[in-house]
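Across the two complexes that follow, chain A remains constant while its partner is chain B and subsequently chain C.
Moving on to the complex of A and B:
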């Protein structure tokens, strides 16, 4: 088949990201110069982000059977690139004190980002799987990157074993579906799913969803999340919570809401997913209650948040669901970047652990008032308190679930109310630590001029966005129309 | 635009006092005081300038003295819509006045992190003013939740950890979870109402005037009304939902208690009269007997538990439950006289509770305890404070000539026509009120002094503050007419909305 200029233009973000990873690799081979390698990586990712605009100019394009580049995929491509870029920014200052090779981190980061973009535009099970593996395999390396810390190794092994198992299950599911329909393209499988729900197809679909639910850390497939979040270096945690999750969720929603909406009408699938959503909300919020490690708390919090997102997916339908989902994910990305960002700014890769214990944050407000304010804002946003972006996300979920009006809808609403009430308790517990009297000694301290570093600026911008979206959400609501417009076509 | 300034002044003032802390600890105090005085002055100007006899919450014909509307989130039909009528005017006056008091009473009490303290104090005020002005349900909810965060900080950071009680952080968390999760129910009800309205009219709107016209099925109306009612019941607090109040009050700094009892509790009563009843008149009529009996339970329970307290601040906190019971009865009697009484009672209770809390704060500053067993014989040890304390205790028990009497009397008078048994039981609150007020007076002021050394008496700042509060209570008690005139039209509107519903449900023609 021929490759037109339009198709190439539509694929620009992916091409530039892949090219960046090659360039970063070459520049490392040429010379290990931390600043220069960072520069290459940042320039490449920025160029990819800019190219999203040009890709949008050519309209929806199907590029080979594998990819489709439309508003939906471009919105999430942009989000993944922004999240990847933010994580790279965080890495830059964080990894300075690392004694071993620092540069490969950027390489892994760009590969993972490319994997995410592949998934965001995937229109075919083959591209879904390629994207997922590109992302996961580079994440194994990233999670265990600070290998001088025992926790990091533990996390990496855990993630490797469990993630590989999940991929295998997912692959088996795909194979079962293929065995019945003889096709891997979403658009060919989608319409047949509802009419033809044979047991084999159901099993295949279930295995596919299990694999995806594992990557999204939905209960009961969440067991790896807190450990991996705790062990991974803080900026990798940021990437894991944002770009990685966005990519997997984007492809899940593309399959379930836009292509194979019939799948959700199969009662067994719908009931199971609803139960998973409720379980995730409750498990995530309840298990976070007794944690003393912020990264673990953020891990549990992400379980709960993806439970809320699943509610949105199940109740929102293809129009409102996609809009709300895009808004919620954007909000979650911005909030997570700002909360992980603060932890990163406090920590150094060279130390034997990150500043992730609650007592490390104690009294932060009296030492670094602005940094503590940023953390407060992101915690309130995670808790869904008005004035912050998190509330707008919660508002979308509630509107969707209220409109749904069925017994599952009410059950999910009840879970949301209960989950939020519990959630506030542990977010407040972290938050008040920032303001309590400072202890005499503290092991971790953000640099005095943290606000002048790019990473500091990035966190500052993320928090500013959290407040801006919380106060004036209209901008975001207009922006997500890009994703939605493609969804309805 | 002037309404926006009412909200902006506290927010800007708060930011300024936070930032001026680096100049010195006096600067934030003065800035906070000036912005509160500015807010009060602006409110006073609005009050004197306009005629409030024409306004009303009635169906469709609501007239606002001042109105302000700009688009905020047009995607969901949400606008930044503010409106001022007699009821909100009085509530804002009360809030601004107590805001001034709260700044003054923490002048020497709060010594650490002064700037941040005033930031929180002023932001509570700003959010409360927003609650009183909002005419868009989303905006209302927004402000409703916004006041929780600074209140949380106020209790968690500047509170006292009373021995035996919960720590201040736990108390603040308890407050936050109670109010936030009940607020979430209100959000669900708001969204539900909007969806019902949307499916009927095809227009998404959170605007008060639009939603007033929504036709609701009876079952739906009940469910949605309960969402609002529970949120307000927690803040009120109505008795089974009151668990947070004593703890929060005990641990809160004086200014926090003043804001909490004087203003925050009133937002719940305001919300009932502004939103819960006009939006769901039929369900409210059906709920009324239950609500009034809950009020009776609150009056008696609050009074009895107050009587048994040994911590003076806890005692005052429980009296709030008792006094707010009267407000609840008055609101759900749907009687014009009782509703007028509710307004007076809210203002009088705000002032008298503020006076009592400030007094207990002054005692705490001097004695470093709030246990009444450690007090006693103050008549022998101080000259000015005992009579002042006596005055506020008398106001709290409803002595004729002071504001609380007018409020309680009007409420009982209005309720009498509606339900005799409820009035009878509620009247016992006056007797029990005398009991708890007098036991407080007896344990603190009378008896043998703990030791003979005199205690530092009230300074000019403290005395001036107390005298102002006393003067207002006397004024309310002797000449409440200006207040009644201001709120009359709004209250008539509330009553009318309910009367129509009651007539319709009884199948009777609407009386005009």
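Moving on to the complex of A and C:
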């Protein structure tokens, strides 16, 4: 096997991220100095983000049978790196008040980001699984990182046990598919999947999709989501909602839309996925109605949003679908970063919980008006109100579902409309709390100079992007052409 | 999957074997229960160690260090296993393989350095205490 310079250049983002994790580890070993360790981590991730540009120069490259580096993978590599960087930025001020070892959080974060990049460029089941495990195993540590809090261990144990079960199911599914086709490469399995699939292939595909649906917290496999989001520290919640889900969804779409399009033509698979999409939209939106915890609300909201994305995957086809879901995921990442960012700016890791109860946000507008405005913008965007980015995302989904012209398309459309209508209620409920009269006593307060920290600036930029994309989506639409190019081939 | 008579007869003989096995197990467990007597006594439920009366409970408290060291052993041992795959193909994989193996070993070494430096391998309580004092001075 030869390994050319071009292939190395194409793999640069992954190589730099992995090297960063080793460097962060060594720098912790050398000296436990918070600012220095953060600097190493940030520099490494930024270098990786810049190297995405150089990787794009060498064109589509298959690097070993495991990875493919094309426009599609580079777009999502960039998105995952940006989300990882944003989460690291949020951690920086958040964890300052933590009494125990703070620096390992950066180590786990870079490893998880590397896992995400592996998944974004995987076109082989082996690399899919390696990426998935790199991501989830470091997330176990991240979810339970603030272990002095009562909820953290519960969340970590739940995530560990359920995630390991899902990985086992996924692996079994891969084994069943391998038993029939004798290959693990997407490109060799893809053409052989068609409507008259054998029962073993169907069972294998179903188990594969169960494993992936668990990681994406789609409806019947969503039970862990609110508990884990609530127990995890707020910046980790931001990472879970953005980078982790983007990585899993990117590889799912690569398998189902770009490589094995035949799988979606199997009626049983299509009907099941459509039912899962409708269930996710309804369950996510309905269960969020009675929640009093903003992190749980965001968890349920992510269930609903991934239901919308599944609709796009089912109805969009390889060209429009890839473009639409690249745009939707970008919008969702920016919006989630901004909403989780506000919660993070309010909280400190040293306290016994985050500022995640609705009454903690009560009257925020009268104390920290700009922060409350940012929260309002991101909630409006999550609800899909025009002039915010969320509207553009929902527009893509509805266009795809309407042009699909089948009874399932209309059913999914009905679910989207009903879900969005219900969704407005609980987003508004949070928003109302921001503008109520401020209570006499409050436990949580953002620092006065929050806008001068990098984390505050990051949240500001994310919210500005939400509005910018909502008003002028042209830039984003041009950007997603990078990802779309892979669908056209 | 073949369905020739020979294959079917093979499957049938395996099925007969499995059936016989289940019957034998059920018989051995069931018959004593039906026919045998059952003795009760005060000392019947005590653990029996070659006639010696046992002392104390089995729920001892082990230091978590054992667990940690066992974990490191499993991790590094499992990592070293990957090198066997390389060692049987050193010539075929050439210099690329060599540099990949070197990278792999260096990353493992970095992990070991990290473990030593954070004090995960400090065994004696004395060392741990000194390290903790040093860290407090730093803060």
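As a convention for this text, the second predicted complex is superposed on the first by the 487 of 489 C-alpha atoms of A that agree within 3 Å, B and C clash if a C-alpha of one lies under 4 Å from a C-alpha of the other, contacts with A are read in each partner's own complex, and residues count from 1 in each chain.
Assume contacts are C-beta pairs under 8 Å (C-beta built on N, C-alpha and C of every residue); 3 or more make two chains touch, one makes a residue touch a chain.
Note that the structure is predicted; figures quoted are calculated from it, not measured.
Judged by the number of chain A residues each one touches, B leads among chain B and chain C.
In the superposed model, A:341 makes contact with neither chain B nor chain C. Once the two complexes are laid over each other on the shared chain, residue contacts for A:477 go to chain B alone; chain C is not touched.
By the touch criterion defined above, A:29 reaches chain C but does not reach chain B. Judged by the document's definition of touching, no chain A residue lies at the interface with chain B and also at the interface with chain C.
Residues of chain A that touch chain B in their complex: 366, 380, 385-387, 391, 395, 398-399, 402-403, 413, 417, 420-421, 424-425, 428-429, 432, 435-436, 472-474, 477-478.
Every residue of chain B that touches chain A in the complex is listed here, in rising order: 72-76, 113, 141-142, 145-146, 148-149, 152-153, 156-157, 169, 172-173, 176-177, 180-181, 184-185, 187-188, 191-192, 195. Touching chain C in their complex are the following residues of chain A: 1-3, 22, 25-26, 28-30, 32, 101. Residues of chain C that touch chain A in their complex: 93, 96, 107, 110-111, 113-114, 116-118, 135, 138.
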